[in-house]
Amino acid sequence: MKRRVFTFLDPSETEHPAEKWVDAAVIALILANTVAVILETVEPLYQRNRVFFDGFESFSVAFFTAEYLLRLWTVTANPKYRHPIQGRVKWMVSSGAIVDLLAILPFYLPLLIGYDLRFIRLLRLTRLLRFFKMGRYVGAFRMIHQVFRTKKEELVLSLSITLLLIVVASCLMYFVEHDAQPAKFSSIPETMWWSVATLTTVGYGDVYPVTTLGKTLTALISILGVGMFALPAGILASGFSESWKGEKNGQNCPHCGESIKCQ
Amino acid sequence: MKRRVFTFLDPSETEHPAEKWVDAAVIALILANTVAVILETVEPLYQRNRVFFDGFESFSVAFFTAEYLLRLWTVTANPKYRHPIQGRVKWMVSSGAIVDLLAILPFYLPLLIGYDLRFIRLLRLTRLLRFFKMGRYVGAFRMIHQVFRTKKEELVLSLSITLLLIVVASCLMYFVEHDAQPAKFSSIPETMWWSVATLTTVGYGDVYPVTTLGKTLTALISILGVGMFALPAGILASGFSESWKGEKNGQNCPHCGESIKCQ
Amino acid sequence: MKRRVFTFLDPSETEHPAEKWVDAAVIALILANTVAVILETVEPLYQRNRVFFDGFESFSVAFFTAEYLLRLWTVTANPKYRHPIQGRVKWMVSSGAIVDLLAILPFYLPLLIGYDLRFIRLLRLTRLLRFFKMGRYVGAFRMIHQVFRTKKEELVLSLSITLLLIVVASCLMYFVEHDAQPAKFSSIPETMWWSVATLTTVGYGDVYPVTTLGKTLTALISILGVGMFALPAGILASGFSESWKGEKNGQNCPHCGESIKCQ
Amino acid sequence: MKRRVFTFLDPSETEHPAEKWVDAAVIALILANTVAVILETVEPLYQRNRVFFDGFESFSVAFFTAEYLLRLWTVTANPKYRHPIQGRVKWMVSSGAIVDLLAILPFYLPLLIGYDLRFIRLLRLTRLLRFFKMGRYVGAFRMIHQVFRTKKEELVLSLSITLLLIVVASCLMYFVEHDAQPAKFSSIPETMWWSVATLTTVGYGDVYPVTTLGKTLTALISILGVGMFALPAGILASGFSESWKGEKNGQNCPHCGESIKCQ
């Protein structure tokens, strides 16, 4: 019986058609929760459908609590967490289980410790963690995780180059523009906001240089720097591209990383 | 006779030089129609040349109606739609024929159901569908279609990563900036507009964070996120590049996907 | 004698060290002319150094006129233009000679046809053509020319996709935003300005959607469209990259287009 | 003794665990100095912690002065600078030693030549040079240096194309927009600021065309030009990517430049 519940809850062992339906229903509920959290912030919409939103929240919490308890009960069927007590504790501190717990805990907390508007809003944020429960079901999450792990070294190196550039650009710009625009380039940390907006080419237009020297410097920094900022993006993109190819075919050509069919 | 009309209308069987001239004339008329729809929206230009614009519209509709009827008549020459009635119905519900019909129908509709300014403007929009009649003649349309079909899986996956990022960025930003700018970050759906403008690096500058925490978060999100948003673009670009190579040469090297000449 | 002058003027046959110095001096004069045209537009700078700027202009025109006449005289030394009259006429209508002529002609024109401020400013623009005289000396110009020629087909195809996207995006956006912002989205041609600013991700912030539907549409268009707009850029970039490799090594690997050393 | 101090200071010969701790401490001090310079510019923060910031600065200068003198003393242990006097002078004019000196000198200068607020702020900028002392310890700096050296030719060529594009775009735009917006497009150098902001797609929104001709020109320039501006970025990115691969494996495939394991 425990064995069957475990198989029901574990998406990786789905074989039975009924289990597929259960998985689809859980995914739908998670997506509906995400949409609900997003729509609740539209004040007029929430006021009009308060009963519905609160009812749906109660139902969801009940469902996810039941799911959490069932998982806690059946997890010993997984050889990794075989021991009745130690295994369960080990599962409870795994990242997946912590996300599951944090996604339902905020509902119970205000009942215990009283109300505080600001604090409650923060707690609502944690409800979005339910979205990451999707990780069990959807390959995209696994792939993001894998890409970040495979490309860790290159990402760290390119991010440190990015950081170096932000520091250098901000310091130069602060010394050049501070006197002309003391409010917008008030300090180097403040100027970093300009650096990021410029080097990512977002360019909101709230902060920009006005002196000739500042404009010339911006031109130089942006022409060379934009390339550096494209590095983390390029690394992630090539990581995903490699993951896709790796998933489709098992084998990679030793020459170009492209998949090949060896005889 | 029917056979000859069919060959005349079908751009894929163009051999006769006269047919090339017909094709060129139809393409010119389609382009002229597109330009006309675009220029008609320039109010003073339309008022001054009202007679010309309306005359050209009437002529175009007459031409495209005749073309539609001729196609309907001769389509049975195509083995795919051989049956006199079933074949013609099958052709009428094909995407190309629906585009053809929708591109002329709005002209006749107001005659039947009376005038309503707002509704008429919407109907005018459908006149632009004439532009897509080009699909029969120009390879670029075929290529776009093919690239989207070949890269469907990767596009869906990368778009879901994009969507995930928009949701996460918007939720975080809403909770961080809502108190400082209740008008601009009024709700999570509203904040999504900021997410898209930032992560595509368009950066209109109508919405941007003002708090220190919001700016720091924006910096982190944009440095990492811009790469994710470049994924669908990169996939489409590589798809087109592969299509071009594929069109030029029939064969691809198993190593790098580049075309080769094997002995 | 004519032969020696020809060799002196032709940068491709530079062997003598003295010729190198002549080439360098001409390049310096061309660059100085470009800088002068640029700096003359700074009104206070021009007023203060009027005598110097006008003197430099007279000297440059004298020099380039002499160069033009010398070239016209010696061009028959080039086997391509051997015939004394036909060869010279043939040379005069070559693109390089036309640029040379247009770069000096405006100086003489006002002497003949009287002054008109607006017209004179236009003539000044043609002085910038002197910059393109550099084409004879600098490889970068040759490379740009070559890349555009090699990638012509792909550029035309990708530019037509870009154009298609601008037309579609502008038409949709016009119908969605026209009622909310009749001044900024006044017509489809006007809306095209928004399309270009958004799809190239420049995002000046002078025009942006305000309705929910407009924002949603912008999000969809920009996520998918930015990739299409990156196509011409990517084609040019890969064209330059191939040109570089091709210039360094004579041979390309049949597999990946990368240069190889075959035994 | 001198030999041991030299080995202690030189990060490339770190073998002893104690030396690793010394290196880590120096890196930490350099980073703390960078953070201090950045935070000092936040006026309220500096006023509140003046004693701490000034104390830390004195300590750092003392430390880096001692380091400089020790290096000067022990540098003769390096075979490259063996000679007691000539070797030391040779070391003092090496780029690393100049950075080291400039990073501490400003502290002593005001003591000698009296105070001047504006001048002191400039001197503070040189304190940031301490950050580049990191170059000795962190591979990222070495890699940046190496990439710029390897790709020098291509960078110069692509930057000259970029410069060419800025000049051409600015001249055209100046002649088109000057009459409509004499303040913003006041001269060609001023218009270059618009060119850079547009072609890097930063698009602050402080300068943009308003005339129809100006907008059309901007559309053309940005669609084609954005690709050219992406060239230096792309070259740097591919340079880093090659450096990474080169660092991981010693050998490259002759086909695609990818690393391979040959038998």
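Here the chain labels run A, B, C and D in written order, and each chain numbers its own residues starting at 1.
Operating definition for what follows: contacts are C-beta pairs under 8 Å (C-beta built on N, C-alpha and C of every residue); 3 or more make two chains touch, one makes a residue touch a chain.
Quick caveat, the model's predicted, so the values are computed rather than measured.
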Chains touching both subunit A and subunit B, listed by label: C, D
Cα superposition angle of subunit B on its copy subunit C, in degrees to the nearest 5: 90
Inter-centroid spacing, subunit D versus subunit C (mean Cα positions, whole Å): 32
Centre-to-centre distance between subunit D and subunit B (centres being mean Cα positions), rounded to whole Å: 45
Multi-chain contact residues (two or more partners), subunit A: 201-205, 234, 255-256
Residues of subunit C defined as touching subunit B within the complex: 154, 157-158, 160-161, 164, 167-168, 170-172, 174-175, 186-190, 198, 201-205, 208, 215, 218-219, 222-224, 226-228, 230-231, 234, 238, 254-257
Touching residues on subunit A, where the partner in the complex is subunit B: 34, 37-39, 41-43, 121-122, 125, 128, 131, 138-140, 143-144, 159, 162, 192-193, 196-197, 200-206, 229, 232-237, 240-241, 244, 253, 255-256, 258, 260-261
Parts of subunit D lying in touch with subunit B, wherever the complex brings them together: 201-205, 255-256
